[in-house]
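What follows is a set of structures to go through.
In the two assemblies presented below, chain A is common to both, partnered first by chain B and then by chain C.
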Partner chain A sequence: MRKFLNGPWVLLMPTLIILTCVVLLPLLLSLWTSFTPFKLTKPDTLYRFVGFRNYERLIGDLDFWIAFGRTVLFLAIALNLELVFGLGIALLINKITYGQRTLRTLMMFPMMFSPILVGFQWKYIFNDNIGLMNNFLREFGVIQPIPWLVDGILANVSIMAAEIWSSTSVFAILLLAGLLGIPKDPIEAAKVDGCNSWQVFKNITLPFLMPFVFIAMTIRSLDVARAYDIVQMMTGGGPAKRTELLWTLISRTGYVDAKMGMANAMSYISIFLSIAFTFFFFYKLIEARQRLSYE
Partner chain B sequence: MMLRLFLSLVLAVSFFGSFSAKAETELWGDFSGVTLRVKLIGGGQYEGLYNEVIPWWEENTGGKIEIVTQKNHFELDKEIKKDIASGNLDFCVASNHTSFASQYGNIYTDLNNIMPASVLADYTPLILEHSTVDGRLVQMPRHSDVSNLYYQKSLYEDADNKANFKAKYGYDLTPPETWDQVKDQAIFFSNPPDFYGTQYVGKEEAIAGRFYELVIANGGALFDEDYRPIFNSPAGVEALQWFIDLYNAKAVPDGVLNYLWDDTGLGFASGTIAMNLDWAGWAGFFNDPENSKVAGDIGLVRAPMGSGGLRTGWSGSHSFSMTESCPDKEAAASFLWALTSNKAQMIEARGGLSPTRPAIWDAIIAEKKAEGDEFMLMVFETFKMSLAEDAFTPPLIPEWIEFTNALYPELQAAILGDKSPEDALATASKKATEIMEDAGYF
Partner chain C sequence: MNKKQINNILIWFSAIVLIILIMTPGLWVVLTAFRPQVDVMAKPAVWIPRNLNLIQFETMLFGGSEGSMGRSPIPVLSYLRNSLIISFTSTFIAVLVGTIGGYGFARHNFKHKNKYFLLIMLTRTIPGISLSLPIFIIFSKIGLIDTHIGIILVFVALNIPFTIWLTDGFFRQIPRAMSEVAMTDGCTKLQAFWHIELPLSRSGIASAGIFAFLISWNEYALVSNLARSTDSKTLTVGLMDFTAQFTINWPGMCALAVFIIIPALILTFMVQKHLVTGLTFGGVKG
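Entry: the complex of A and B
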């Protein structure tokens, strides 16, 4: 006992207690509720164990799996486009010798808007009747208004546009930090050896940048659920579930229908999605670092 | 504890300008040192009442009101559900609604045991009945809500419109009496994308409620006596087909399935919509030239009839409830009375809202007559008749909101052509059956 009290465990105790209270207990509680028919408006249902009933229902629930698949697609497309645009912006800003700081600050503006506000403004932009986009197109002869937030593909593209506008700067900033840290010698040596710009980018800049790419991907894949507010504001997952993502479905099930047990079962299934993304990006991060150290 | 509540059985007469409503039973008391924590519905149309009534109540009782939350009703609903789950009901009074009240179990006090009968006698009995859940009066009604049809008068006075309509449809162009006529006229007036015949709220409880009232008007029903869904019926398909036909004919804006109440109200005020089914709360806004392009050109008729010969009349009342856990029930009762008193209801009636006290209907109609305000007089007389003869509530069951969440995506799918009306209603019916089975109805 004395050994325990004098050991490192004592120093770790405050952290462990806080982590247990803030992370572990809520996780365990929500896991428990996923095995109950817990309704927010009927607290007694928290104590009724129904085994895997919620999970069994979800396995046969086509709406849930369509929302799951759409969320994977949304994540894959949005994150990759944000990466491409962020990389492009970072490369351009890295070339600038005058006013770089000002541009870096300007670039961060979209991050300063709350997702709810972003949702509102893009809902207005894509409004079929009074929206900026349709009015702009009308100037070019497109008389019939385009139902941006109704058509299945266009509605998802519109939401993605809002999300990409809001979050591309996260990638740009992280990748710019990476670009600023790349040593100049290998680039200059490659140029002396006759490499063109593309060869320099592909063989020197990109390998140096890959750890930053995967760090940015990991961070974004974990906090991309912030886009819930954007989707909720723009379409609420509709119409006819055409833009339903896991976040809108879980939120409506848990807080509007008050079926928190079922919502938590959905969340635990979707956690595998987050874990898979995070594991993949960490694996790629380690691989990129190892490759960099070999080279 | 000594009853501090002092019920002024003097039946004080309240004066509203130069007009007086019927005498009312007042519920004042000395509540010095008492602070009531309250959670209220927020938004432009609701907050004016608080600005007037809260200082009035504080001044007359010595009590204090602490507004803990003020947000839109759907957000407030979520917050109260979280409060129930966490057992953290540390407030005394909250905004409520007849469509929401049955979800909240027994967190709210039975006001039959708290409010003197003479106070309750001042409200419309049918509205008090709708405010009752499982025999418990859990809310004091604030104002009622039913929808009637606003239209642009000049469209119906135009000689060309009259002649062309008669030639095309074979009957005279007059404000519609049936929903089939609404469809004909909406298609006739539409000139997209500049002008549309009508519009509807297109998502969530809003479209589910509109569908519900049309099913009833067509002679159908959502549920049988055991709460088994029966809306997948000829009346249900006919109701859904009405929405589909208008959408396909481009007689409503393309984005209508994302519309809620503000969108339809502002749409009509923008002058680009011929007819708009809406509540009385918009009337003043529609007729205000600063806000509305149709001001001075508005007609209003009772909601039209469906094929079953009934008028649509989906109705409910905004209300206030008192928590069972409230430590100062007498003060809370007094505040509930103040919020729904003659004075309070007259304030809201002047903004166009429909009172829940018969005396205020008489007072506001008398006031508008004396002012010569023909438009608001028409509004109040129409809504009074509609509430008396056409109004009906949705099923007052805890599963109503959950049911509407299962129904509305299927309605949208049919409107967008993703499914046939029969398939959509069959799917919705299956989901509704699961909800009712889980809730133990059968």
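Entry: the complex of A and C
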């Protein structure tokens, strides 16, 4: 008993109890539910085991695969652009000596916006009737209002813009923290030895920044599903499923169509997607960290 | 002009463009909240703000002013009350539990420590909407749907992992020797924690708290499904409902948006410095 009280477990107990009750047990329930034809309207169906039927149906479900593909593509494009923009912004702010702190603080502005608010403000900006975008274009003679949130491609681009606006600063701020921590000596030495600034960036700055890139990616991969809030607000997955992501599809299947069993099966696939993302970047982070300490 | 001056001008020019891109969307929403409906709907657009007023806020807080449609259709005060109760309570509990857990990770070595840490972090990766499905089923069985307690419980679980990540980093910055000295001088472990480590990591715990508050305040996917009425709907859900129902009243919707942004704005500026150190420390030296 004394050993238990002095050990780590007594400290971790409250955390483990809460996470078991609120996350682990519900996940087990949803795993079970995904093997049943459970519908909210028919409570008895919760106890009917049908094996992998939901998953088999999903494999043949084109709507599901389109939403899945769109989600992966959306994340790939958004995260890469956020990284590139974030790096550019960090390098820019790093160059500025006067007013750097103020700029960094301003950079944090989008971070305080809840995703639902981000969705709202971009819905307003891209509104075809009175939105900032179309009003602005009208000044330049584009009389015909552009249907930003209705056209298939434009709607996806608009959502992407909202997503990038809200999350680029995470990258910018963490990468700036990395840049500020780079030791000056190797850079000076390299310049004396005749490296140009691209070579310095590629061979010194970038390897040093890599752990920070992966920290940012890991932190971002924890909340990629926030895109659900943005999409739900801006288009609701529509019009005609043109902006449907995995998460809006789950929500529609589970709550609107009341097909909980099927929604839980989709859910499991989305959970694995998220975990895979996080794992990937977390191991990259550990790898980059080790490489840095060897050199 | 020499090359260096041109360079400087370019840098400042890009910085200004950047600030405009970052600030405009938010400021435009805030500005709209104070503008009359006519100006917002005007074509061609009215760019220079005129006739700014507080009508939207008055309608929202005190019901309609004289001559308007009467009471506000939006129960903003209920949403605000729910948001405050849920966010404060869940933050308090999450910070309490998370700090204890973070201390456990920072000060103890045990088998598979990194794996447990990763496992706890992984609970955070589960998309809110996926987690909401089974919780919805359980809560409707045990009567926690549309209650503060149910939502608070979920938010606590949502915030613990991040609190552990942050506080673990801050506790590890404090040299172990400090509490060891105190303990050889006769302090118990708890006293050493209370008098030495806790005060030293105060700023870290505070930022973890503010961060947890912001997550709760901004959350949508879970609340929107676990709340059914004004008994527990928060401001974010309110904004969504409002947008779906009254698509024309942009100034009104923007006023509601301002309600959501102001507390977040103040808190983020308070926490900004510690946040970056906390996140990168936990990550790089871990």
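Here, the second predicted complex is superposed on the first by the 263 of 295 C-alpha atoms of A that agree within 3 Å, B and C clash if a C-alpha of one lies under 4 Å from a C-alpha of the other, contacts with A are read in each partner's own complex, and residues count from 1 in each chain.
By definition in this document, contacts are C-beta pairs under 8 Å (C-beta built on N, C-alpha and C of every residue); 3 or more make two chains touch, one makes a residue touch a chain.
Computed from a predicted structure; not experimentally measured.
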Put the two structures on top of each other at chain A: do chain B and chain C fit, or clash?
-> clash
In the superposed arrangement, does A:Trp165 touch chain B (first), chain C (second), both or neither?
-> second
Between chain B and chain C, the one with more contact residues on chain A is chain C
Contacts of A:Thr235 with chain B and chain C, given as first, second, both or neither = first
With the two structures laid over each other on chain A, which partner does A:Phe280 touch: chain B (first), chain C (second), both, or neither?
-> neither
Partner chain in contact with A:Leu92 - chain B first, chain C second, else both or neither = second
Between chain B (first) and chain C (second), which does A:Phe201 come into contact with in this model arrangement: first, second, both, or neither?
-> neither
Does chain B (first) or chain C (second) touch A:Tyr55, or do both, or does neither?
-> neither
Return first, second, both or neither, reflecting whether A:Pro147 touches chain B, chain C, both chains, or no partner chain.
-> first
Could you tell me which of 9-17, 81-89 or 135-143 in chain B overlaps chain C after superposing the two complexes on chain A?
-> 81-89
Chain A residues where the chain B and chain C footprints coincide 255, 260
Within the complex, which stretch of chain A touches chain B?
-> 37, 40-43, 127-129, 143-145, 147, 149-150, 235-236, 238-242, 252, 255-260
Would you tell me which residues of chain C are touching chain A in their complex?
-> 11-12, 14-15, 18-19, 21-26, 28-29, 32, 40-41, 43-45, 97-98, 100-101, 103-105, 107-108, 110, 116, 118, 120-131, 133-138, 153-154, 156-157, 160-161, 164, 189, 214, 217-221, 225, 236, 239-240, 243, 250, 253-254, 257, 260-261, 264-265, 267-269, 272, 276-277, 279-280, 283-284, 286
Would you tell me which residues of chain A are touching chain C in their complex?
-> 6-12, 14-15, 18-19, 21-27, 29-30, 33, 46, 89, 92-93, 95-96, 103-117, 120-125, 130, 132, 135-136, 138-139, 165, 169, 173-174, 177-178, 211-212, 215, 218-219, 221-222, 225-226, 228-229, 232-233, 247, 250-251, 254-255, 260, 263-264, 267-268, 270-271, 274-275, 277-278, 282, 285, 289
So, in the complex, the side of chain B touching chain A is made of residues 74, 77-78, 81-82, 84-85, 87, 103-105, 192-193, 202-204, 253-255, 257-258, 267, 272, 398, 401-402, 405, 408-410, 412-413, 415-416, 418, 438
